[in-house]
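Below are two complexes that have chain A in common, paired first with chain B and then with chain C.
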Partner chain A sequence: MDYDKALELFEPTLGFEVHVELNTQTKMFSDAPNPAASGAEHGEPNTMITPVDLGLPGSLPVVNEEAIKYSISLGLALGCQIAPSSRFARKNYFYPDLAKNYQISQFDEPIAFEGSVDIELESGRTITIPIERAHMEEDAGKLTHVGGATGRIQGAEYSLVDYNRAGVPLVEIVTHMITGAEADAPEVGKAYVSAIRDIVRSLGISEARMERGNLRCDANISLSPRGSGKLGTRTETKNVNSMRSVERAVRYEIQRQAAILQKGGTITQETRHWHEDTGVTSAGRPKSDADDYRYFPEPDLLPVEPSLELIEELRAALPEPPAERRKRLKAAWGFTDLEFRDVNNAGLFSEIEATVEAGTTPAQARKWWTGEIARLANLQGADASSLISPADVAALVALMNDGVLNDSLARQVLEGVVAGEGSPADVVESRGLKLVSDDGPLIAAIDEALAAQPDVLAKIRDGKVQAAGAVIGAVMKAMKGQADAARVRELVLERASAE
Partner chain B sequence: MTDTNPGAITSEVVSHLASLARIALTTDEIEKLTGELGAIVNSVAKVSEVATDDVPATSHPIPLSNVFRADVPGVTLTTEQALAGAPEHDGSRFAVSAILGEEQ
Partner chain C sequence: MADLNDLTRLSASELATKLSSGEVSSVEATQAHLDRIAAVDDKVHAFLHVSADALANAKRIDERRAAGESLGELAGVPVAVKDVLCTIDMPTTAGSKILEGWVPPYDATPVAKLRAAGLIPLGKTNMDEFAMGSSTEHSAYGPTHNPWDLDRIPGGSGGGSAAAVSAFEAPLALGSDTGGSIRQPASVTGSVGVKPTYGGVSRYGAIALASSLDQVGPVSRTVLDSALLHDVIGGWDPRDSTSLNEQWPSFAAAARAGAAAESLKGLRVGVIKQLDSPGFQAGVSQRFHEALQLLTDFGAEIVEVDAPHFEYAVEAYYLILPAEASSNLAKFDSVRFGLRVTPEGGGTVEDVMAATREAGFGDEVKRRIILGTYALSAGYYDAYYGSAQKVRTLIQRDFAAAFEKADVLVSPSAPTTAFKLGEKLEDPMAMYLNDVTTIPANLAGIPGMGLPMGLAPEDGLPTGFQIMAPARGDARLYEVGATLERLLEQQWGHTLPSQAPSLG
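Coming up: the complex of A and B.
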């Protein structure tokens, strides 16, 4: 159904579950290296595991103290209360992504609860997202389904399991129901995930790269007939893994459910899968009977009882809240309202701030991130931040400032960096994209161009300097763009008057 | 399935758990296990006769909390060690039979 029509008939209610992989050095309950740690690589399958991660007999989990501190910091940044005592629980299920037949999670005693996050929409509207809880748990391993339809679970003949990711510390942030988002619902989803990403990045507790699964979002959506006051049946769309996809998935689900309801149909409470390529969700398993997790307190682990001193110490160390940061950056960067909004909507604060810290002006950083990088990101359907690091953008700008690259060469270098060819300096070297800084070859090309266009030469000598454009164009072409146009112009005028 | 009385072990509960765990049970086995599991649950349930509202729930017999580990990487298993007990593998990953249903 048409989106506007759907909103006319129904009120959307949203809820989000965001999983954040913490970037501690080791896992949640074992001292295996954490593949989600800062700078870590995923490693060959089943090389980042200990007996604890395989749930081998006799192994005992022990809680990573750093992960507790990170979780408390995150809870505080979400405005939550920190539980004086919280416990781990076993969530029992039968699926081989964890070897133990259960996931260690938190159930009725999460470490943090009842907070809120303010998000700002493009229109300037601010919405407060109520947070129900943030609890700690462990990530699961990765299954590759072999045989049957490619990459799909149905029809798979067998599955291969890599437990490197099993046991990676996770915090799951669960919102209360979000009402009143109305037509902004898709944007609310995107802005909320963006706000969570900004918070965990500012805390430095996660790499927060959605394309790597460091940050994963499940979106719960239901519709109620306008004015009915009756909550509709919700669906849970799993693993929507870019901010853009969150926005698209919410919009799609609203339209899909509205079409069914309008025809008098009913919504099945179920898990749905988001398909990035086609932009639709499809039905997964129904929620009812597989959710029989038989939670019970984890007997291998003791309660976590953070001292008030620790909580206050972590509270005092919290970075500037993103909303306040926004105000500060707006003042510091001197962008126009429109420019600043573009940056905000694109979720590029951290990128631009880090790029400026690495040595560019705010204007240069903005130009690249909202310009060429955003364009490439759009083409690839990826988030801009996944394409290039702020340090590499700053290095690219520095190469321009040093006269090694002009604008068009810099774009080519950017493409090389995005294609994984290394740092800007590497790409300059391997693709041979340097500007010709030696005047010798330039003068040779200029003399040739002047000789080929004697009429232009005559005009320049008559003082019609603008005629030089034709010669400059010819020289730039001869140099395959690898010349500084301003220097070429200087030399053209010099050579023209010299002869 | 919703539990109105989570303590009650019925043959339906046993066969449901068996299907979740992918264990094939005969009707005789289900009946036998229903009785045995019921007896276990009932004996554990005796605790509730002495536990009153003013006794806080506990998950551990020793009054300890905050047992933590420093965030320092230790020794990992080699791939060979990790796979040593696996009935099937491809040399680096565990192989399991076809998964019906969905990822959790």
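Coming up: the complex of A and C.
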């Protein structure tokens, strides 16, 4: 059904479950290296495991204290209360990627509960997303289905299990029901996930790369007929792995459900899978509230009881909330909305902030980071921030301000810095890219160019000043670009009238 | 009469003295026990696996001793290990077909500590499958026979360890006790066994039955030997979150002090009304009351204590245990280790898991998995698992109140002497009730010791005396236990285990 029509008839209710892989050095319950750690590579299958990750008989879990701290920080950043005592529980179900055939999670006693996150939509509308809980758990391994045409389990001959991911620390953030999003619902989904990503990045607790599965979103969507006041049956669309997909999946589900409901059909409560390529969701397994995981308190672990001192220490260490930071920077930099959004989308706040601190104007910093540096980053398939430090960008700008470099020379210097040839000053020196500041060689070059183009000289003398361009070009070429074009122009006019 | 020079007749402590003085080598001691195993174990069937490395390990200890290295007190002494504990050099099956032939890639912490202290693992002892049972008849590898009467059960689940010790196949053994699996076998085989305070010994590498109840402990023929072994295996382990991080006193010192005690004056011995039942076997009750009299004669004050909630203990236990076990045993699914059974014509992974579990688990294991799954199910959780946890709290309070009035609590270790093999196999409830005396200590996490208190007049079979102390009060068990052991032996004129049939 047409989206506008769907919204006219139905009111969407949303709910999100976002799984965040923490980037601790080791796993949640074992001392195996964490493939989601900063800089970690996902090793050969089944190389990042211990008896605990394989659930070998006799092995026991031990809680990673760093993961507890990360979870508390995240809970605090989400405005949650931190439970003085929370417990792990076993969620029992058989699946070959789950080594013990139970997942250690938290059930009725999560570490953090009742918070909220403010998100801002492009329209400027602000929505408060109520957070129900954030709880800790372990990730499962990964199945590869072999032999089928699609790589899915249907039609596969056999499946391979890689337990490297088993035991990666996760925090699952669960929202309360979100009502009132209305036509903005898809954008709310995207903005919410984006806000969570910004928060975990600012805390430094996750690599937060959706394409790598560091951040995974399940979207719950239901529709109720306008004015009915009755909640509809929800579907849960699993593992939507980019922010754009969250937006598309929410939109798709609203349209799909509206079409069914309008024809008098009913929505099946089920898990649905998002297909990135075709932009549709398809039915997974039916899910009911009676799914029985036989939760019970994990007897192998003690309750988690962080001291008040630790909680306050972590609270004091929280970085500025990303939303507030955004507001502050926007006011301080004075960019247009469009410019600011570009910077935001490119994730360059920190770089620009640091560059400004190192002495440039916000406009200069923005120009370099979203311009030439972004272009080079794009060419190399790398992050802009990995190419050059803010201090070097500021040094480059300072060299321009001091008249040592012009724009085109500065680009060459940048290339040198990116190529690892040292600081901007080093590159200026080693590549000999300095502007010629002495008038002597310039005058010689100008006289030569004027002599070679007597017609131009005549035009200038006739007052047709724009004709000087041709001479300036010739001089810049002769100087291999290492001249200040404005000074050349001054001198050309001076020399032409001097005869 | 046994040969007095037979090294297998020595207690671990006596053997350790001879080893350290150089009178005997570890190779000789180990060989003597291997010979004994070869001679009698086809009758007893205490062992599922005998170590091929025992003599080589013994030789290494002898060499280290010869080189003047300072070794632990029990260095060179052989020890049997219950098959529930992971051993890197021997198969570990927990008495189940589903783990047949599985060799773990690591040692359980108590086993690693044995090795570090220079003890010589002799082999792995038989047990009820996954420690579910009170007779060792539920072992997938056939039952163990009681050395006192080969037609009778050796208790369970640790019947193998108890029988190995009482048949002089090993001076020491490791057991595990979830509801009495160390103390009840000790009782019916005339040996000593201790369930330490929950958290006193690491559970890392002990294949879990019920995580909140399981505890690894020593089995031996004397109180001092159990204390010496407990000193070796106990202590904090960062790999077990439930292990207690604290300094434990020397249990051997406590046992020695108890054996030397001149009086028990000032000791308040609490007799738990509910565990001094007229329903117990007459000879068991008789020996129990005689032992109480002995303690009184020696200065102890006997007080009766009431534990009103103990009557629910067995029921609560048989909800908590199956619930935890149903989850703990889910990992046995053929995917990563152990038996794999593929149904005819192949099948999905789910089919393979089901076929494997169908073929690999025995009836008692299946019974408890089904019970536990049910007890944890939505809609039943509160009524079953939830209620059982409440009973557990009430039992802990009963103990707390009892320990206000008494320094130690006592009871028979088991309500009867060893019953006949097969006698209770078809009646699970009767089998479960055999643990009525031992279960409360597990539910409360407190330590308990079983030691011999004489032979029942009616059948000439061993009976056991149980002593319980408050959590962390394990040393008190050894002290009081060693005193009682000395008093009884003075009265008898011999040790109880020495009276066991020679089997030769």
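Operating definition for what follows: the second predicted complex is superposed on the first by the 334 of 499 C-alpha atoms of A that agree within 3 Å, B and C clash if a C-alpha of one lies under 4 Å from a C-alpha of the other, contacts with A are read in each partner's own complex, and residues count from 1 in each chain.
Throughout what follows, a contact is a pair of C-beta atoms (placed from the backbone, for glycine too) under 8 Å apart; a residue touches a chain by one contact, two chains touch by 3 or more.
Just so it is clear, the structure is predicted and the values come from calculations on it, not from any experiment.
When the two complexes are overlaid on their common chain A, residue A:Phe94 makes contact with chain B and with chain C alike. Look at A:Val161: by the touch rule set out above, it reaches both chain B and chain C. In the superposed model, A:Ala486 makes contact with neither chain B nor chain C.
In the superposed model, A:Tyr102 lies in contact with chain C only, and not with chain B. Judged by the number of chain A residues each one touches, B leads among chain B and chain C. Legend: residue contacts after superposition of the two complexes on their common chain; A:Val63 is shown touching both chain B and chain C. In the superposition on chain A, A:Gly55 makes contact with chain C only, while chain B stays out of contact range. By the document's definition of touching, of the two partners only chain B reaches A:Pro33; chain C does not. In the superposed model, A:Thr271 makes contact with chain B only, not with chain C.
Within chain A, the residues touching chain B in one complex and chain C in the other are 51, 54, 56, 62-63, 94, 96, 101, 159, 161, 290, 292, 299, 301-302. Within the complex formed with chain C, the chain A residues making contact are 51, 54-63, 90, 92, 94, 96, 99-102, 159, 161, 290, 292, 294-296, 299-302. Chain A meets chain B in the complex at residues 24-26, 31-33, 44-51, 54, 56, 62-68, 85, 87, 93-97, 101, 103, 140, 143-145, 147-148, 153, 156-163, 238, 271, 284-285, 288-290, 292, 297-299, 301-306.
Residues 1, 16, 20-22, 57, 59-60, 64-79, 82-83, 85, 88, 90, 92-99, 101-104 of chain B touch chain A in their complex. Residues of chain C that touch chain A in their complex: 85-86, 92, 94, 99, 102, 104-106, 108, 203-208, 210-212, 238-242, 323-324, 326-327, 330-333, 335-337, 349-350, 353, 373, 376-378, 381, 385.
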